[in-house]
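In the two complexes below, chain A is the common chain; its partner is chain B in one and chain C in the other.
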Partner chain A sequence: MNKTIRASVLIFRKDIKSELRTRYVINSLLMFVLVTISIIRFALGDEKTENEILTGLLWISIFFTTSNGLSRTFVKEEEKETSVALKLSSDSIPVFTGKLFFNLVLTFALNFLILILFILITDYTIKNLTGFLITIVLGNFGLVSASTIIAAIISKANSKGTLYPVLSFPVLLPLLITVINATKLASLGIDTEKLSGELMILVSYTIVITVASFMLFRFVWED
Partner chain B sequence: MNIIEIVCDNISKSYSGKSIFKNLNLKISSRESLTITGRNGTGKSTLIKVLSNLVKNSKGRITVRENGKDLNAETWFLRTGLLTPYYNLYDELTGSENLRFFYELKLQENKKEEFINERVNFFLHEVSLYDKRNELVKNYSSGMKQRLKLAFAVINEPEILFMDEPRTNLDKYGIEIMNRFAGAQKEKGILIIATNDEDDKQLCDRTLNIEDYR
Partner chain C sequence: MNKFFVILTFILITFVIITGIVLPIPEIPALGDKARVLYFHVPMSWISVLAFFMSMWYSIRYLKTREIDYDIKSFSSAQLGFLFCILATATGSLWAKFNWGSFWNWDPRQTSIFILLMIYGAYFALRSAIDSPEQRAKLSSVYSIIAAVTVPFFVFIMPRLVESLHPDPIINNQGKIHMNSTMLTVFLTSLVGFTMLYLWMLNLKIRIEKIELYKLKNTED
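And now, the complex of A and B:
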């Protein structure tokens, strides 16, 4: 196996094992998801709500859950003072790749849960399931790519909590506008072919952010 | 035998405009050892961080050479081991899992499972932690953690070994283990220790007082 892939897999496996033992991220995020979904349920009451509004609420839940959890992957290494041992043992590329895949797994698992709960407690209807799922998957890829590099940058700062939303909002804004629009259109039953413009933007955004992240990470990690 | 050299050419380090050390020149080769001394806060640890490529120097040039050929700075970590108080291993992993994870990360080629296990167990024996290998590191005493860090620093048989205040948290038995590793390192590579302890100074051939470069 190529040594970069082998090292990335090792770091990914280590992060999964650490998370399962400490529940550093999972427990707080599960609570966050439950509280957010409950608040949405109480706020909506029995009123019939339009899909446009529900789509916005769905992405608010996804965005805040993700931003709450993904920032912790690098912050934990800094807070526990383990990042130096990692730097002494690995090149920067496997570290970023391992963390990126860990965040992807975490995000997909949590967002699957959010989606199920959201559909169960609201009258959210999805008329074009294929287009909807493609949008959610691409949106998650973009969200994770951008959030992982921002998490690496803020882990070096003193005011980590406040810096994350300040940095992530402008970077994620193009993604959020596009993904919310595409999700709304898919849920209303617009054909997947007609969503191709939005989907292309999501694919392009993810590729650009991921490539830029790999180029930037070395400087963030080695500083 | 490979000859490794560290060459510092007029290096300086400052943080936010405050100079830590300046115009430092140093050349050290395999089978040589150096003690970095100086009062607390004068920059011993900073120099160790700069030499081990954890922190960039502000001015000057550091080169690591193997048989006269410059090595890429990004691969220095494969040649070095570092024992310092300012990092931790993973509390939520066992001693054995920690060593195995870091050793596998540093490996440049695929090795058989038995080879890796054998090596990890050998170093756990060396630092007298074999019996505690399956305990989580968070349950280790501070001395046991320091011994595990010592095993982590040397498990890849580094050509350059840095030790910063290596006696931290070690009892008499732990110090004996540390001295044994330091002695072995002097025979095969470069040993650099940042310390003010007189016994540690005896381990090395040369002394550099960081306060001479302020």
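And now, the complex of A and C:
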């Protein structure tokens, strides 16, 4: 067990290090966030927009930015032909754990940026900040859990870029519907307690998908 | 599969089609004669979900044993499920036109069947994007299991989150089925009949796929 944790940490650190050195995804993602948010700005103009619509726009930008970034984690290994070396040096469980945590860090960093830019550029008012943040955090956990295993699946297929949204959308939809609804309610000022139904769904979704991913990743990774 | 099974399926479905149209049904508020669609629509939806879980079951078997037969079964079941899913969407949509006034209005039930269609579509897209048969079998098995664990969220949670206009709260009020005995008989016969039809079609489909695999192997040699 201890060995697995140590190997996971090592793979996580390896990913962070290689990302900082090569800037494989981070630069293009930062630009992607800026582009998306500016498009939203120019589309809205100076109009006063309702929170319902703004929440939708916020989640559209989160979904597309993260799906661009998260789908790269395993594709990167295949494209740079490092996956064989990784397979030789480690079991499947630590690889998956390391990648999962790398994706989590990436997603939280991106979301932080998106949120700040979004609030600065549009006049998005959040009435229940605690509920809002809890929802965003739990939503991100769900997003990452499902995206990581699907990223692993598409890394072995042809036409990886197009396949990712096709495969992830139906799997992510229960999460997206719930999280958009909860974010909207929180931003309109509903008490956090009243959101507990939605939050429970987010938590159970994350747990179910993560457990399934850990059980199934071995089959995707090993030849 | 034995002849008796096929003949019985034929008789049951003929019985359902005739009695479902001819026999009177009890007065159900706001539905009336349009409720007859449930003899066909409900079995279709039931089979599209059943086929989906059968496909997942064969996927699990495949990952355990690595026998290509299970992949063929999983794929065949998914294809039939897709067919029945389209039929369920079509019958439901037709009914919605006459009861709700529009073919499609994103009722939670319609959203869930739409997502089931999307999952089937994604499964086939994934299969066609992988060249090696073994990789294809392995990855599509994993995807079908991942998708299957999210289905309960749609089928059981989503329709209850938002107000739905789907009539099962009227007919199936608090778990008690409000149908008289004639209606119930036709309905249950229909469920059994269509499930048997599905099993028969699955059997045929698996045999066809196996023959094609055999042919492919022979031409390669």
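One rule holds for everything that comes next: the second predicted complex is superposed on the first by the 222 of 223 C-alpha atoms of A that agree within 3 Å, B and C clash if a C-alpha of one lies under 4 Å from a C-alpha of the other, contacts with A are read in each partner's own complex, and residues count from 1 in each chain.
Throughout what follows, a contact is a pair of C-beta atoms (placed from the backbone, for glycine too) under 8 Å apart; a residue touches a chain by one contact, two chains touch by 3 or more.
Please read all numbers here as calculations on a predicted model, not as lab measurements.
In the superposed model, A:Phe219 lies in contact with chain C only, and not with chain B. When both complexes are overlaid on chain A, the residue A:Val137 reaches neither chain B nor chain C. Once chain A of one complex is fitted onto chain A of the other, the partner contacts of A:Lys156 are limited to chain C, with no touch recorded for chain B. When both complexes are overlaid on chain A, the residue A:Met31 reaches neither chain B nor chain C. By the touch criterion stated above, A:Leu167 is placed in contact with chain C alone, chain B being left untouched. Once the two complexes are overlaid on the shared chain, A:Lys87 sits against chain B while remaining clear of chain C. Of the two partner chains, neither chain B nor chain C is touched by A:Leu129.
When both complexes are overlaid on chain A, the residue A:Tyr205 reaches chain C alone and has no touch with chain B.
Judged by the document's definition of touching, no chain A residue lies at the interface with chain B and also at the interface with chain C. Considering their complex, residues 63, 111, 115, 118-119, 121-122, 125-126, 129-131, 135, 138-139, 141-143, 145-147, 149-150, 153-154, 157-158, 161 of chain C touch chain A. Of all residues in chain A, only 146, 149-150, 153, 156-159, 163, 166-167, 169-171, 173-174, 177-178, 181, 197, 201, 205, 208-209, 212-213, 216, 219-220 touch chain C in the complex they form. Note for the complex: chain A touches chain B at residues 1, 3, 6-7, 10-11, 14, 17-18, 21-22, 80-91, 94, 222-223.
Contact residues on chain B toward chain A in their complex (touch as defined above): 52, 54, 56, 74, 77, 80-82, 84, 86-93, 97, 101-102, 104-110, 136, 152.
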